[in-house]
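Naming follows writing order (A, B, C and D), and every chain is counted from residue 1.
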Amino acid sequence: MSIVLGPNQYGKAETRVVRVYRDTPRHEIRDLNVSTLLRGDFAAAHARGDQANVLPTDSQKNTCFAYAKQKGVGAIEDYALDLARHFVAGIGPVSGARIDVEEYRWERVSVDGRPHPHTFVRAGDDVRTTAVTAEDGGRAWVISGLDGLVVMKTTGSEFHGFLKDRYTTLAETTDRILATSLAARWRYRAWPPPDGWDAAHAAIRQILLERFAEVHSLALQQSLWEMGRAVLEARADVAEIRLSAPNRHHFLADLAPFGLDNPGEVFHAADRPYGLIQCAVQRDDDPAGEAGPAWSGPAAFA
Amino acid sequence: MSIVLGPNQYGKAETRVVRVYRDTPRHEIRDLNVSTLLRGDFAAAHARGDQANVLPTDSQKNTCFAYAKQKGVGAIEDYALDLARHFVAGIGPVSGARIDVEEYRWERVSVDGRPHPHTFVRAGDDVRTTAVTAEDGGRAWVISGLDGLVVMKTTGSEFHGFLKDRYTTLAETTDRILATSLAARWRYRAWPPPDGWDAAHAAIRQILLERFAEVHSLALQQSLWEMGRAVLEARADVAEIRLSAPNRHHFLADLAPFGLDNPGEVFHAADRPYGLIQCAVQRDDDPAGEAGPAWSGPAAFA
Amino acid sequence: MSIVLGPNQYGKAETRVVRVYRDTPRHEIRDLNVSTLLRGDFAAAHARGDQANVLPTDSQKNTCFAYAKQKGVGAIEDYALDLARHFVAGIGPVSGARIDVEEYRWERVSVDGRPHPHTFVRAGDDVRTTAVTAEDGGRAWVISGLDGLVVMKTTGSEFHGFLKDRYTTLAETTDRILATSLAARWRYRAWPPPDGWDAAHAAIRQILLERFAEVHSLALQQSLWEMGRAVLEARADVAEIRLSAPNRHHFLADLAPFGLDNPGEVFHAADRPYGLIQCAVQRDDDPAGEAGPAWSGPAAFA
Amino acid sequence: MSIVLGPNQYGKAETRVVRVYRDTPRHEIRDLNVSTLLRGDFAAAHARGDQANVLPTDSQKNTCFAYAKQKGVGAIEDYALDLARHFVAGIGPVSGARIDVEEYRWERVSVDGRPHPHTFVRAGDDVRTTAVTAEDGGRAWVISGLDGLVVMKTTGSEFHGFLKDRYTTLAETTDRILATSLAARWRYRAWPPPDGWDAAHAAIRQILLERFAEVHSLALQQSLWEMGRAVLEARADVAEIRLSAPNRHHFLADLAPFGLDNPGEVFHAADRPYGLIQCAVQRDDDPAGEAGPAWSGPAAFA
């Protein structure tokens, strides 16, 4: 038996790249948080501190900025694919690269009802994401998604008929608030999407919102399944979708001591603990491959 | 000389009250974070732990929930005024009360282009605030505002002609990105506003956005002054406005080593340090009174 | 009536200065977060964007770094006094300066039981603070403190005999957990302290901890009063101390449905809402002056 | 082709359990953040909202509190193993359970140099963790670790001889600050450890600190490898360790414009971007099995 180096990777995390397009008076912006991770032949760096194979993380950061000019920043998936392929093809010891990008949403400020050409206001809490992995030999994966899509239904949610054990005290209910901060990740099996990356993302976000609204929910599990299934039904280019949803509990305030009834009107929004419901919706002819990338981000390694 | 008790206050902070109106199938919601602080004759609690004059913070929390049913939650200013006056008038030892409320913004999910009757999605990062202080004898102050209004201009901002000392290395510029996360507080001198609390808040938020967009900025100070002045010019019911704006620096990426020019296209968005610009815009016949409440929240005491 | 510029200030916030002393193999470090705010004649910057009187916040940042070398960083109070006086004395239009410093606590890593000469590990959650304000004419204030001192007593705390109104449902108790994350600020009336800034801070921190432990608490108000009074009794150089303490509720878990008793053994630690108790302990011959600086930090303006 | 349910799990996240032992006047505490995740036959809950197989997350929370009394809370690994086995053995549809626990570090307040019997102060930023997974048939995994161990070396770190591409501008250095916030996870292959869970955790934490201090670092990769290797050499009960370390850059302040030299004395501590270095150190006869649990926590699913 001996002690050996296992899986390892390194890169530059959270480079905040802002790209402005100012070719016309009506500016456009892309506001990104970019992380790079390289895999390859880095054993000597671990064993002896020999850096001959190690491209500095500072150079990776420089590449993120340079590519924002050289290649431009359109859809984050294209930008991440360019970067991932560059590191794999251009840096000898690198056999695989993962690029994670978050994009912040902005909308134009309206002045006298007209969108302003160069002034923007942050729109919405949710963040668009992509994780692109490329490997030697040309294989690549694109897993796009969103984080922090905060939604709430004030009715149309039930919870009853559940399994009861000796520690069960929860009352059943046929009408409750259902609230969550959704994280979603979906894997494209063909790209670019026929409608383009930006339109595809917007369409999937809208499907998730609409199905959350329309499904009469007997369980958050059911809502998630229906949301995921609707995405796969609508999008032949999506192989799989994974959903993670904290159940942000809203407890009915007990107003009886004060002589007041409370028919679903006044709630306490709790922070912790929260339920956590997670599921994948897949195609039976294209399950997530064993050799595929981790769905979670770079920080999840340890 | 002796050691004496100075200013003191206590209450319940960050009660998360969610009020649902479900009288018709089209539900309405108010999502609040409420903090109460009471002042009065609490010397014995400090000196001897004698609680006879101390209304528990738990009771204050209960009151927040009960009032959400009894009085309802319309505009947060009305809700906070009701609570503040209740504590001053109804609890003997209490001579002053301050109620801080944050309100989270939600909008309806659209399904097939139609707003859904009971499904909502969080809208925007910024939070609406009010701080209401009431005192024995009927005096009251209403200071409303917003936090976290993140805005960016990609041009129309200059910075030059500044004072230079021996530690000055900054280059002058006639074209930079100007970005901030605005906090604003304004004090009403008459209420309710003629257009109602909700419309008044929306109107002031819009004035701030429009002036930020339209002012060609030679300094963030100038932008803030023009934004504040526009609010006072438009709103006779506002006595004073205070603005606090971090200058979120966007540094031009240096691409010259890679043979690339960068005419205002690729930026690095920095976290810290940041500039911090703060000013008040007042009326000369109604400056903020010495006896008035602190503008900052309950956590600012120590 | 006309619209006028009110109080205003600007500066550079959260410059992260790390000072290493390496004159001997046994290194010393000071790890700081520094914010500067200048007051003075800046009306033209607001009115017209005229920057002739405005020292860039970038120059202020440079000064923080340069002074860490020129003057060195000993106690944060000395460093802040140096900076504040420099801006007031050295920059013409500046009539007042406030310097806020946070210092992070580090201790040496022990190797084979011996403190390592140049390796450190972060020690404790609490942060040492100072806020120094200097004005034209030589007046200055030093308000030092700490943030985030998290403490817990598992007994020796009661809560009963309190005022009850129609919204009171809380049960009285003679034994509860008392937990808080203390923020303290104290104003020196003479300096430097006879034992030096560092020893004075350590002594006051220790008094606060010891009194929190030893006072049998009938109210968090009583604990705070006794803690503050002990500081003033022990330190003739301290004029006043202000304490802000969230009451981090620990609720007894209800295990009765499972046939288990729970005599103060299993608790749920809640996040929100929390009680918030704040008081000042003063000397009757030296109350906080009206003309003195705000006790809270730069972000509290709006 | 059809759309199918893929991997799924659900549970209660972040239940804050505080256990007090008060059998003698010298109290002991365990302060935990507990998350449970169940896997099993939950297809009907997704497909139809049929909850017959679903134990409510509320019941899982109740179990965490009840077990803190029934079984007590000693080492978090034992507590998590008890909970995981309970859900697998006691709840019919459950075939696997994962319990994640974070433990916060406290130390006794010293009063007159003596540890106080029932007053505690939070000690250190780092958190002790465990993730226990149990499955039908008796298999189990214990992956313990720590998060947020913030360490800094002010010398003894070099970085040179690295690979250079066209985007490389970084200067080589033979003396820099090396700082990180370490996350570590290690998998036990036999348990309980001969010295007990608590002593084992303390020993591994100390090995990590000592090796970080003593290794003259030519790369953060080298430091991590040596730290991991030392753990495996010292602990026959540890099969594998994974380390994730952000490289918290400390940039030398440029004081030359002010006529000052800066031989490694004044630094700017940057927030983002940061390097991110991750590696596993394994035994060649016991690599991490494919069938083993994810190393990262519940939030990493999507």
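One rule holds in what follows: a contact is a pair of C-beta atoms (placed from the backbone, for glycine too) under 8 Å apart; a residue touches a chain by one contact, two chains touch by 3 or more.
Just so we're clear, the structure is a prediction, and the values are computed from it rather than from any experiment.
For the interfaces A-C and A-D, the C-beta contact count is higher for A-D. Chain centres here are means of the Cα atoms, and by that rule the chain farthest away from chain B is D. Chain A and chain C, compared by their mean Cα positions, are separated by 38 Å.
Chain A and chain B, compared by their mean Cα positions, are separated by 30 Å.
Here the spacing of chain A and chain D, counted between their Cα centres, is 23 Å. Touching two or more other chains at once are residues 15-16, 62, 66, 167, 169, 257-258, 271-272 of chain C. Within the complex, the chain A residues that touch chain C are 166-167, 169, 257-258, 271-272. Residues 15-22, 27, 29, 31, 62, 65-66, 68-70, 106, 109-112, 116, 118-126, 149-156, 177, 209-210, 212-214, 250, 253, 255, 257-258, 260, 262, 264-271 of chain C are the ones touching chain D in the complex. Residues 1-16, 35, 37, 42, 45-63, 66, 90-93, 145, 158-165, 167-170, 183-185, 217-219, 221-222, 224-225, 229, 232-233, 240, 242-244, 246-247, 272-288, 290, 295-302 of chain D touch chain A in their complex.
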